[in-house]
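The two complexes that follow have chain A in common; it is paired with chain B in the first and with chain C in the second.
Our next item is the complex of A and B:
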């Protein structure tokens, strides 16, 4: 079984190209090939200068997020047999391009950092022995909400798909706010001011509830739901 | 034209951003916040490497009915008594505290029992259900949360930067740092450090079917070997029995987690027989990975495999709802390539998964080279001839933490060393050479060849003539690597990176084959069809490779001997 698939790839090298350009490649697609497999086929046998990012190839690391036929997804998780004979591939939006399909994730992680994404326990220092773990009721609704939010793999798909991010450069974006919610809903966390820090127009109240973040998330996370829970004060500090 | 390099000095240089690298950074920083710590990641920090890919979980004796002694005995029994027992003891005795740290300082969400305590599930080869987990995708949560902790600390992170070589000190006193290549810009940095930690991951990518992330190619072993370190047990390559078969996609070889077998899934041959009955009727599918993988391989070799060359894992009798709820990540992975794990069998193949061998260390992660620490898969000895499921992420976190403590306590005692300048120049020249070659070899083709040779001739079952043949081919491939070419552009050049990768991959494959040829017995993951018996009289020794020499040293049976009774 072999099918020909044509890739239209938006290519751009910021240090030499005035603007991005479309390049077209045709490959013999093999059984179960993903978009990532197709990109490797091009790199290995047709054009050794093609740029993209990869690591795990199994949907776990979030390195290969890109726009595939106009929609954000992980290249390793989209099978060519589910697409047409022509596939259009572009880099994520709202992020600078390093080379072709690889974007610079720095703005994404700078905003992530702004929500203080780190857990603060009773004894935060690794220089100290650990206390006994708390008992945590797994059926508690807030734990279940947080448990869903932590599935984020920080791939940037939601950031690219969010119209508020592209319109308002200061907006923290779905992934960062989702992380803030996961911590605010964590009964073990001792940083009790989290909610106040993400409630401004750059935070939860900047969201316009479009919901692209939910529909594109390859990890099944619903950042919009987390943002709405933040707005309603559904956190440990408030309960 | 040699582009030169800039210089960076630090106290603690950490090469690798998996569990070992991140735990080392956090421990060293908190013990001494004045230290200048630099973490170098081949991909994006937090995304690269394999701790993130851990699915099943983390073994720790937390339950009062369990004990570190039982965990220890399971570990060395599973390891065919080849383990460095001091390292195995460090693993099991630190594991509970490390779990508590991950839970209370890092905020990792571990699954709970209804009473609110940490849940522990069944894995293979264990006398107690001691595997702590977060669903069936445990590693994502551990590494994501460790990554978050970096944001609370002043630690320098170098994304998409690879280490090219360890650089010796000018006066010969150990390691002075490493030469780095920033893949985005193509710029080089000479990083000088009081202490350097190697934590890059192992070499299973040398096989046609393998589990690790694509960029993980045994860089640490190759650099350590070239720097003159002592590598031990390199013949010990673990094959996981259930790598998914996904057509021609590079998803093939990714593991379907061990908890499936732990929960009672069957392994079937193409005739629908539970073939483990033939090989280990007592433990069946819950036998250790070495035994199950080899059994599956023999079934396939004897013509009872599927048309695609695999066997089948079937969890459907456990109930579709149970499977969907307990293994959502696995169900989804299978569904993407056309299998319904909840209702029917999935085609799987043994897949190269973990390299037990590595750089010889002591229980503080020190090596024979002053200024060089090694932790995680890059280190050898913890697991002996076979690693138990759930002991891998435990090793990364336990020994990463130990390396961080060692660095914090010792690195200020060691002065920054002047570098061996010719070594820096040689490393630069070697790295740059492919860019100016014309009409050279395609490095991807050489990678494919290495993977086929190793799979066929130094694979699950090996013999002397096969290994000898592979060694000849690998020598030829090493020469061909030296003729590889890449487009002449240093910025984000994946072809160039592949040349650098395959150079290391061939080096590590050669070490693996050489060590495999030397061990003329069958033990753990090392199966020789020409020497099918385990021979404790002759082979209770570790094989070492250093500076082109191969030598043996007896296993120090400091805590238990092969005939010891299982602790109650």
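Our next item is the complex of A and C:
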């Protein structure tokens, strides 16, 4: 059985358009069609100029994050049959638009880089034998908090939904702070500067505890919980 | 994580908020539930402040509410203004404002504690009551316009079939209401301290100002103010539970927000009855 769905898409090409405009398309969708499938149907049959980003189509890469009926989500994971006959699709907020639904993630990843988003281990020494690996108890509460934080797929949904990011462009945002916590809660990490980098007004104390990041995260991560653990000093290791 | 100035401000907001909750709810009960606001005349305050317990109670409430409001307003301005210079300047203005109003309120409590004269040095100043009435009227007008703006915005988006964006998320409402009620309470507190300053300076004018609370134009604002204080206190408690008892799950946040809204609506009802009956 096919379903008629009308897409209202906020379209914008910075090279030609003065401002964003709404465009409407109607498609015949099939059962289990996702919003991403709908966008492909429009691209292939009605308007080949529609711009959007995707990659895995399985909810793992985070490339197709956008606002669907006003709420951030992954286009590949949202089924049209759950949305009603009209679906509104907009690009992520607080990021420059490359074209239509594809946003430039540069500001997001620049802030991500500011928290040293990589693991810093003990410096290897060839002169001495390798030390015993550190034993990490997986049942420790802090380890479990860190486990939840590392599920982030960096899609930018939380960044778009955060009113603090929108109000204060210098604020690092939920994803970067969540990543900082995941590493600061790791007993093996040796980055001594990371916590200092996230303690300023642009860091964890800049968060206004709105909680939109928790509501919209398609991976089930709770960035606000990670930020709160940073503020309460619930971290371990050299940092 | 080492707390810098922003961190200290964040912790102060949480701790002062927790301390002020019991005091402000007690104050609200006495002024809006046990008595109608229009009946809290200079004679009422004189009896109340003749007990040192109530003098200390109200002074600590004033101190915590003003400083909590100061830090809260600092956050509001920081989110609205990008210029570092303007932020610094506004920090200075807020600090001076809080210190001045703390001094005015403290002097009033100390002086009234020593007893009241029938007339004070400003008893003949005819401009004071209209000025304070105008300030309360302006506060009421802004409150009503804000309500109208919210309704018009959502009706317009509904008519134009535009998504309401992050306003479909409970957290956005919880935060926006917390902020709006905080701003409203802060400005009312400033006007309230000004009318308290009249107690030793012009008790007759204080009574005239208090009588204004029976003005029908101001009554909806007074009800909104009671609701604002209750909501701000309950949502502050909710934030404490979420933040310090590791309850940052979406379902816990939604459930507690629903409880806060429901409890606010239920608790406001008796104050409406007292206000309307007491005039």
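As a convention for this text, the second predicted complex is superposed on the first by the 223 of 239 C-alpha atoms of A that agree within 3 Å, B and C clash if a C-alpha of one lies under 4 Å from a C-alpha of the other, contacts with A are read in each partner's own complex, and residues count from 1 in each chain.
Everything that follows uses one rule, which is that a residue touches a chain if its C-beta (ideal position, glycine included) is under 8 Å from a C-beta of that chain, and two chains touch if they have at least 3 such contacts.
Remember, predicted model here, so these are calculated numbers, not experimental data.
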Message: After the overlay on chain A, what do you see for chain B versus chain C, clash or fit?
response: fit
Field: Which superposed partner A:46 touches (first chain B, second chain C, both, neither)
entry: neither
Query: After superposition on the shared chain, which partner residues are touched by A:144: those of chain B (first), chain C (second), both, or neither?
result: neither
Message: After the superposition on A, what does A:30 contact: first (chain B), second (chain C), both or neither?
response: first
Query: Just chain B (first), just chain C (second), both, or neither: which does A:210 touch?
result: second
Query: Between chain B (first) and chain C (second), which does A:199 come into contact with in this model arrangement: first, second, both, or neither?
result: second
- request: Scan A:15 for contacts with chain B and chain C and give back first, second, both or neither.
  value: first
- prompt: In the superposed arrangement, which partner chain does A:85 touch: chain B (first), chain C (second), both, or neither?
  reply: neither
Task: Quick one: name whichever of chain B and chain C touches more residues of chain A.
output: B
- prompt: What is the angle, as a multiple of 10 degrees, that the CA centres of chain B and chain C span when seen from the CA centre of chain A?
  reply: 170
- prompt: Rounded to the nearest angstrom, what is the minimum C-alpha distance from chain B to chain C in the superposition?
  reply: 17
- line: So, in the complex, the side of chain A touching chain C is made of residues 8, 67, 69-71, 86, 88, 90, 93, 161, 163-164, 167-169, 195-196, 198-201, 204-206, 208-212, 214-216, 222, 224-225, 228, 230-233, 235
Message: Quick check on the complex: what are the chain A residues that touch chain B?
response: 13, 15, 30-34, 36-37, 40, 43-45, 48-63, 76-77, 79, 98-100, 102, 104-105, 112-113, 116-127, 129-139, 146-147, 150-154, 179, 183, 186, 188-189
- prompt: Mind pulling up the chain C residues that touch chain A in the complex?
  reply: 1-4, 6-7, 9-10, 75, 78-80, 82, 161-172, 174-175, 239, 242-244, 246, 248-250, 253
Field: chain A contact footprint on chain B (complex, rising order)
entry: 26-27, 29-31, 43-44, 46-49, 52-53, 97, 100-101, 103-107, 109, 111-118, 137, 139-141, 144-145, 148-152, 184, 213-215, 246-252, 254, 332-333, 336-338, 401, 404, 442, 444, 486-487, 489, 491-495
